[in-house]
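Chain lettering (A, B, C and D) follows the sequence in which the chains are written, and residue indices restart at 1 in each chain.
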Amino acid sequence: MNFAFTDEQLALGAAVRDVLRDACPPAALRTERRPGWRGLAELGFFAALLPPEHDGLGLGLTDVLPALEETGRACLPGPVAETAVAAPLLPKAAGGELCVSVVAPGQAYAADADLADLLVVLRPDGARLVQAAELTPRPGIDPCRPLFAVAYDAYEPLEAPAGPVLHRLAVATAAQLVGVAKELLARSVAYARVRTQFGAPIGSFQAVKHRLADVAVAVEFAAPLVWRAALALDAGAPAAGRDASAAKAAAGEAAALAAGSALQVHGAVGYTDELDLRFWLARAWSLGAAYGTSAVHRERVRAALLGGDARRWP
Amino acid sequence: MNFAFTDEQLALGAAVRDVLRDACPPAALRTERRPGWRGLAELGFFAALLPPEHDGLGLGLTDVLPALEETGRACLPGPVAETAVAAPLLPKAAGGELCVSVVAPGQAYAADADLADLLVVLRPDGARLVQAAELTPRPGIDPCRPLFAVAYDAYEPLEAPAGPVLHRLAVATAAQLVGVAKELLARSVAYARVRTQFGAPIGSFQAVKHRLADVAVAVEFAAPLVWRAALALDAGAPAAGRDASAAKAAAGEAAALAAGSALQVHGAVGYTDELDLRFWLARAWSLGAAYGTSAVHRERVRAALLGGDARRWP
Amino acid sequence: MDLDFSPAERDFRAEVRDWLSANVPDPPLPSMDTAEGFQAHRAWEARLAAARLSVVSWPEEYGGRGVSLIDWLIFEEEYWAAGAPARVTQNGIFLLAPCLLRFGTPGQRARWLPRMASGADVWAQAWSEPEAGSDLAALTSRAEPVPGGGWRLYGHKTWSSRAAHATHGFGLFRTSGARHKGLTYFMFPLDEVAVRPVAQLDGLPGFAELHFDGVRVEESMVLGEAGQGWSIAMATTSSERGLTLRSPGRFLATADRLLALARESGDPAAADRAARCWTEAEAYRLHTYATARRIMAGEAAGAASSLGKIFWSELDLRMHALALELLGERAGETPWLDGFLFALAGPIYAGTNEIQRTIVAERVLGLPR
Amino acid sequence: MDLDFSPAERDFRAEVRDWLSANVPDPPLPSMDTAEGFQAHRAWEARLAAARLSVVSWPEEYGGRGVSLIDWLIFEEEYWAAGAPARVTQNGIFLLAPCLLRFGTPGQRARWLPRMASGADVWAQAWSEPEAGSDLAALTSRAEPVPGGGWRLYGHKTWSSRAAHATHGFGLFRTSGARHKGLTYFMFPLDEVAVRPVAQLDGLPGFAELHFDGVRVEESMVLGEAGQGWSIAMATTSSERGLTLRSPGRFLATADRLLALARESGDPAAADRAARCWTEAEAYRLHTYATARRIMAGEAAGAASSLGKIFWSELDLRMHALALELLGERAGETPWLDGFLFALAGPIYAGTNEIQRTIVAERVLGLPR
């Protein structure tokens, strides 16, 4: 029992952070679609989940959690989790090299599909690989994560069952949401230290302090659910799907709380294009909706627990 | 449209307040079972809902709302709402003269049944009048509102259908809960003004201010739901049962919030027999559970609204 | 105590409902923060005004019908239930007009109110400055008297809603050093002000920055007297927080739509949240009937209006957040996404909810400062 | 990162589970706040101690097994899952003992720890005074040195849990005027202290007032040095807020019972609330595994333990409030009512949650004082 990231896991996260600090500064969010992707590919990040014999790092989902969290902190655009998680599904050469977007069951649209070389379509009866599709832009909340309706004729069936892929995508997205929430909190704290009203920094007022403390609590206790879900998926634990839903719901709610609080602390300026804050706000909401909103995942947890599956893992 | 109490309605409330200020001070809660009842009977309060030809005041439930709220503010013990609401059901001479306790459907116990001259048992198939019953004390949360299991052999069927009586009892209890919540808030404010920590009255700290402001908001917006429910019941409006449930749930939650906040503001002392506060805390919880908890009433509102009855009255 | 509408009130409701059902634009107008949408909304205001429905509670001489607050609430219920357009004139009719009616000269009222009622003039508010948000009295924009009459305005206002397209603005400017008593309430045409539109979360310029570099205004553009600005503005924000800015009708309509969405979803926990919101919208409606009655009886709304501001703004946000949870990635195809972005600002504008809670605690409950 | 229990950890869990299933009293013991229940709980502690299960993480010489924090968490999970009695020794073993182990002399440890482990001594905490609750450093109870050695204690402590029946107490007394540095940590026998039991909401004396009128204590009853009391007590409250006072096992057991209750009720909205609570209890368990690992690696829990205090105390209250809503007037026949009354105190004791949020904001997040 060592429920703490190893040095290697942390080192991958730190390497991703270093790449993104240089290659994905906030200014890049206004001009680029995939800043930093080249650097992450060079680190092997997108092939991390591939086995070594397929030129991958042979890692589990757990191993890349700190790295995924860093992509959330940096607000890295593009189908990051999709490309990393889908890699093991793809034909040998494609995994880790090609950009992938995903259409999930019950999800109408594929994010960043216009950037994707391949689409993975998850259906209850299995996964499909789509090479060419007609894309129709659909309105969304996140300017850096555009949505597309997808129509296609030809597809290749994939052997992987759709369920586990979807759970892994939900948990990978939850890890990003933890990073988004932490960055929103950090930006709120930074602003509250310098913004002065009534002759004092607003961060010295109890109402602001306690609101941000609540965000800290929410993030602090969402993260271990995400880590556990990844371990459970990697281990094929019995209630891993339920635990994945618990993780996605908690991370989505923590990020939504962090976003609402960030906006409230910043006031009207947080609402505008003047500050970079809006990118993280939009990401909290767009990833919160991706692969099932918190309401959807809460319902799944409830159905499992009420149905009698209240087993704890470990 | 004049959604404000009339002078007469307010005057009855003021008369009740005057009686209880003298006859039901907090000290009486430690020693007496029915302080102030004689004075209220002399005002005609317990016969308020009886028609004049039965020596009553001929009033509607709406007319006695301010008076019921005052009984909550004073934490008046005894089956107050039960006796007032049940009066019109009873044989002519009994209404307004005799003390009544009620067993509601789905409710296991009768409150204050040992004080009651008569028991009204509400069952889905109709109401019953019970003159003699075997009572077994059951543990409860409110020392001034003891609970009893009831067993009886003989009963007299009453003509009144059980449903409307139950709705009226729920709304009368909700009006008391508004009074309990207001008194809890007033006591919290009074304590926060004088209790000093860190060199300042704790009521000067934003955390305490905002918590009590939240209580004020909850009470302020629960009360009109209670008033509307009483008017709807008096008018026989179509969704009156749903509106009664909305009122009971909102008043119960407002009182629970007021109780939790009062305890938090008072700290450990609020938890003890040293302060009178505990009487109002217990009453908030006991009346919150009476005639359906907030969860039960929320479920009824939800069932009605989801079932399609989203009519607004007026 | 009763909740009975009079025959006249029922007739009025029927008239409003009929007119709206025949006139509400379908499809909905484009966003008022686009140039095209702004003109379309202005044209809608003119149609409303032609039916004498744009400002029903104002005196007839200014374009209203002189009806009671209860009638106004009825109008609002019908307006939002019909899915009618958002009011591009709202800053003027709900914030400035109450002050003009109370503190304006007869000349000011005659000059500005009818044009406001018809949408001929569209007013933007200009309260905040970069360093004066919640702490409004810290503002530094100033007005200097011009020999011979009139003033020149200097300074920098921000988060000015509607200013990107509006014709006029109103706000406070400093005419002496005293923190509160040095402020004066000015109206001004926007054509000489440097307006820099500011994009909001939805990419549209719902805000603007206003830069005043000696903008000349006539003496008649001062509302009340020099130095009275703070007290007039507080009367405004009191009405802003009170009845006029966010009538219950808006939230009733939202609650009905939310209930339909929750019913569709089949998720009972979501249904529970929706049913709570629906009940709370009812509570706000009923509470407002009671408040309207008190105001009609001559009482002031006062600090208690802060209770309402807290309640409706957080209800509105909860409703839209739930809708987004139910819609997922389809939210952008519905009006709920724009509604959510708008609702997010509710706890911030018109005095943040932190300020409101402090007002409730100190002025309603009597807790120490 | 892993969540795998070692074979030794699994064996330990099995041993604890087996012992408890054979030994947990049925029916449950009477309340420890009655004289009869107090003795019954003390006897239970002696049985636990005889099985070397009362203080598993302590060194063997004092009655423990010297096992790791992870093993202690396993013990706690099994203990609460088995429905075993509340710990009448908890103020001693969870608050005083960590200080004795860290700051006590070898003589103090040898004298007090084994008797604490076996329930021979039962310790009451004596922090608060009527005018010093959240503001603990404002306390005025004092100790005066006695010529020739030892001290006399004067003053008035209150809200002292367990003191109605306990044998000993511990708390801070002022030995000089300096606000924090004038405080000294004393242990004392309760037999010469005037103890006035104070009834709680349930009518039982869960609290007592302690009046000290020159109570004589030996020099060896000072923990650490004179003037060190504040820093020692803060180490205590840090462990109180951290791992040791409220281990996850307690909340896991509550969450399981709540889930069963919600399942019975058939109310899907209640089921949603229960499922959230169950998940949050899991989150607290997992979070604690991570914290335990950090502490085992030599890191201090520090201000981050305030995050945990806020989380578990509000979760516990939410769980019990929901149970009461589901049980209605039947709550009094179940352990949920007593549990609710106890849970109500969670956001108050061991530093109110207002204090904890301020600690998180200032010391974890770095917001200005």
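Just so we're on the same page, a residue touches a chain if its C-beta (ideal position, glycine included) is under 8 Å from a C-beta of that chain, and two chains touch if they have at least 3 such contacts.
This one's a predicted model, so the numbers in the text were calculated from it and none came from an experiment.
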A-C compared against A-D, more contacting pairs | A-D
Per the C-alpha means, the centres of subunit A and subunit C lie apart by a whole-Å value of 38
Taking each chain's centre as the mean position of its Cα atoms, how many Å separate subunit A from subunit D?
-> 39
Taking each chain's mean CA coordinate, subunit A and subunit B are separated, in whole Å, by 50
Per the C-alpha centroid definition, the whole-Å distance linking subunit C and subunit D comes out as 53
Where subunit B touches two or more other chains, by residue | 205-208, 210, 298-299, 302
For subunit C, which residues are shared contacts with two or more other chains?
-> 268-269, 271-272, 354, 357-358
Work through the pairs of chains, note which ones touch, and then classify the graph as line, ring, star, complete or other.
-> complete
Interfacial residue positions of subunit D with respect to subunit A in the complex | 1-6, 9, 70, 252, 256, 259, 262-263, 268, 271-272, 274-276, 278-280, 282-287, 289-290, 293-294, 297, 304, 307, 310-311, 354, 356-358, 360-362, 364-369
Which residues of subunit A touch subunit D in the complex?
-> 1-6, 9, 62, 185, 189, 192-193, 201, 203-204, 206, 208-210, 212-214, 216-217, 220-222, 224-225, 227-228, 231, 246, 249-250, 298-299, 301-302, 305-306, 310, 312-314
Give every residue of subunit B touching subunit D within the complex, in rising order.
-> 107-109, 138-141, 143, 147, 196-198, 202, 205, 207-208, 256, 260, 263-264, 267-269, 271-274, 278, 281-282, 285, 289-290, 292-296, 298-299, 302
What does subunit D use to touch subunit B in their complex?
-> 128, 131, 133-135, 138, 158-159, 198-201, 203, 207, 265, 267, 269-270, 317, 321-322, 324-326, 328-333, 337, 344-345, 347-349, 352-354, 357
Within the complex, subunit B is touched by subunit A residues 205-207, 210
